[in-house]
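A short worksheet on the structure shown next.
Labels run A, B, C and D following the written order; every chain starts at residue 1.
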Amino acid sequence: MDLGPHAVFIWASYAAVTVTIGGLIAWIVYDGANQRAALAELEDRGVRRRGGKPTGTSL
Amino acid sequence: MQSWTQRLANPTRFMQVSGTLLPWVAAAAAALIAYGLYLVFFVAPPDYQQGETVKIMYIHVPSAWLALMTYGLIAISSFGLLVFRHPLADVSAKAAAPIGAAFTLLALITGSLWGKPMWGTYWVWDARLTSVLILFFLYLGLMALRSSLDDEGTAAKLTAVLALVGTAILPIIKFSVEWWNTLHQPSTNFTSTVDPSMRWPLLIMAVGFTLLFIAMHLAAMRNEVLRRRVKALRLQEAASRDGLPAHASAAE
Amino acid sequence: MTAFFALIKRDLRLAFREGGALGTALGFFVVVVALMPLGLGPDLKLLSRIASGVLWIALLLSALLSLGRMFETDYEDGSLDVLATGAVPLELVAAAKSIAHWLSTGIPLAVLAPILGILLNLDLAAFPMLVAAMLIGTPAVSFLGAVGAALTLKARRGGLLLALIVLPLYIPTLIFGISALSAALGPDAAGGSASSLMILTAISLVAAVLGPVAAAAALRIQLH
Amino acid sequence: MQIIAENLAIDRGGRTVIDGLSFTVPSGETLVLSGSNGAGKTTLLRAVAAFLPLTRGSIRLEDGDGEKSLSEQAHVVGHANAAKANLTVAENLAFWSRFLASKPPSGGRVAAALEHFGLAGLADFPVAFLSAGQRRRAGLARLLAVDRPIWLLDEPTASLDAASSDLLSRAVNLHTHAGGIAIVATHLPLALDRARELNLDKLRHAA
């Protein structure tokens, strides 16, 4: 697959796209994991959503 | 149209629907892009003028298209937030901005890398490239404004106002840049009419990229909904831990 | 409408009594223009070619300096809340303040520009067109600037943010402001610059509507 | 004329600050809002002035001036004085008369306002030369200089000594006796006759 004299520019563009979109996807996955972990930790501490049953301690 | 957005309005409902949709959209995007790449590298003919460098078009055009489409999506979400107070409108706008900015940046990078072999310089003040550059500034403005305001509710609405102002002024900017471009330079035909044999791979790549965007946008929105739920719980927890004497502290 | 003109008069009186805002804008304008030859070299032919561009860009940046304070002073001393309960809607309040900014900053900058044009060896024939284009173009600077000022009212790093938000909106004014000048120096002086001036006027009129409406929407949100 | 608020719910900064509140304030009466800070006094005042959107419920003015909105018939006094330091006391009041009433200032009202707040001698002084208490009174003078039926006062006695607070109480009483409405958020007890107290903390407990 000969990409001709300017092959480096083709590879550079595809590399830029892969890196940027790859980075974006990685960040989204990482951020998602963080939020779920924080949510789980809060649930463990018994902090329910207002919709759920009110937290025991009212003081 | 109203009922569809209304039904999705409630975040929990959105989380369910997007939860089931996301894997399918992501899979479809991956499949299409893979197939597109195969077509681009093994099937599509080189351009009679540019030779193989036309392969850059297959990622430049989808990126530029998504850059503009995302700004349109942010404008619609902003309108939904300010006029209909749709609860998910800001989640959509906030999630879309960084992705849109990324695609705009990619459009600029690939445009510049494509320009080097064609015109010998990395940057040409061509009307379209210049408009994409200005679009990038509008994205930066949106993200900078949102990040420099503490109160989330205010930040959301102010960013929405800026997005709508940007949308109103964009056509005027486009017109001015095109006028300015013809004033100083003979018009450079950026992409000559796309040869039919190249149109099919380009379409596949464009649809693949759009599905990829939808998948990323949905995932980012889901993260945002979770982030707001975490924040709400923290606020609630802070209120219930207040050490003030009983009668003064907020009960529930 | 007395309320509308009362607000313009008050802002003008404050601008001239304080004098600070205008002083810094004019001072900055002079410094930026003076820096150009130092940066680009004293070649008079080059300077005269880029003079109008430099003058316009310097003017936009100078006007930007005084925009940040358009609503901030009122917000800080509590006047903004009272302005929101006035006999005129916030749209007119934003319009009045933009007009006051144009009168107190836009016009002085436009009048000072030709003098600085001498520094840049600007062709004397272009002076009247330069001032005309700037007088027609600067309202857009104030009206669109008001949107930026309202949006960044409570933002950290408000000044920088205001520049990032507002400068892209100034691009049409910049392009047609300069094209009016280059047309004036070109062969078909009358025809070329007339069309540019008309478009410049159109842009200022659009800004005169879009600006106050968007700024008022932003101010209402800031009042929350 | 009366202000009627029904089943109010107001969110601010992501929290529901006020929930399920109803009240009416007939003309000639003062509603005093009390409660700990964060109880929602300022939030409620800003909601009445239509600065804040209501999450639920409604606030309306019955048989006031039909064409004008409630906020156009209301004086709002916040923690700051809304007076420009580079203008004289008289110039500030003259501007507010023109801006809030959209007609030239009536010399009589401005003079009476300055007299009432003991600023007659300072009319031509730039506000910059005044002390904090004097500036506060210059801000409050706006209440008398411009005739508006509804007064929304948020901690009006901030940086005021006892004597000045008394001036304010008298002004509010004059206002209510003349058929005006006042809603005052305050910590300190003000000698206000025809006043009814609404404690936002107790209300929150009940909800």
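In this text, a residue touches a chain if its C-beta (ideal position, glycine included) is under 8 Å from a C-beta of that chain, and two chains touch if they have at least 3 such contacts.
The model shown is predicted, which means the values in this text are computed figures rather than measured ones.
A.B. asks: Higher C-beta contact count, A-B or B-D?
C.D. replies: A-B
A.B. asks: Would you kindly tell me how far, in whole Å, the mean C-alpha position of chain B lies from that of chain A?
C.D. replies: Chain A and chain B have C-alpha centres separated by 16 Å.
A.B. asks: Provide the C-alpha centroid distance between chain A and chain D, rounded to the nearest whole angstrom.
C.D. replies: The computed centroid separation for chain A versus chain D comes out at 49 Å.
A.B. asks: What is the distance in Å between the mean C-alpha positions of chain C and chain D?
C.D. replies: Computed from C-alpha means, the inter-chain centre distance equals 37 Å.
A.B. asks: Two or more other chains in contact with one residue: find those residues in chain C.
C.D. replies: Expected reply: 224.
A.B. asks: List, in ascending order, every residue of chain A touching at least 2 other chains.
C.D. replies: none
A.B. asks: Give every touching pair of chains, nothing left out.
C.D. replies: Between chains, contact exists in these pairs: A-B, B-C, B-D, C-D.
A.B. asks: What residues of chain B sit close enough to touch chain D in their complex?
C.D. replies: Within the complex, chain B touches chain D at residues 151-153, 231-232, 235, 239, 244, 247-248, 250-251.
A.B. asks: Chain B touches which residues of chain A in the complex?
C.D. replies: Residues of chain A touching chain B: 1-7, 9-10, 12-14, 16-17, 20-21, 24-25, 28-29, 31-32, 35-36, 38-39, 42, 45, 47, 49-50, 54-55, 57-59.
A.B. asks: Within the complex, which stretch of chain D touches chain B?
C.D. replies: 13-15, 36, 38, 201, 204-205
A.B. asks: Flag every residue of chain B that touches chain C in the complex, lowest number first.
C.D. replies: 82, 134, 137-138, 140-141, 144-145, 148-151, 153-154, 157-158, 161-162, 164-166, 168-169, 172-173, 175-177, 179-180, 183
A.B. asks: Over in the complex, which chain C residues touch chain B? Could you list them?
C.D. replies: 144, 147, 151-152, 154-158, 161, 164-165, 167-169, 171-172, 175-176, 179, 182, 199, 203, 206, 210, 214, 217-218, 221-222, 224
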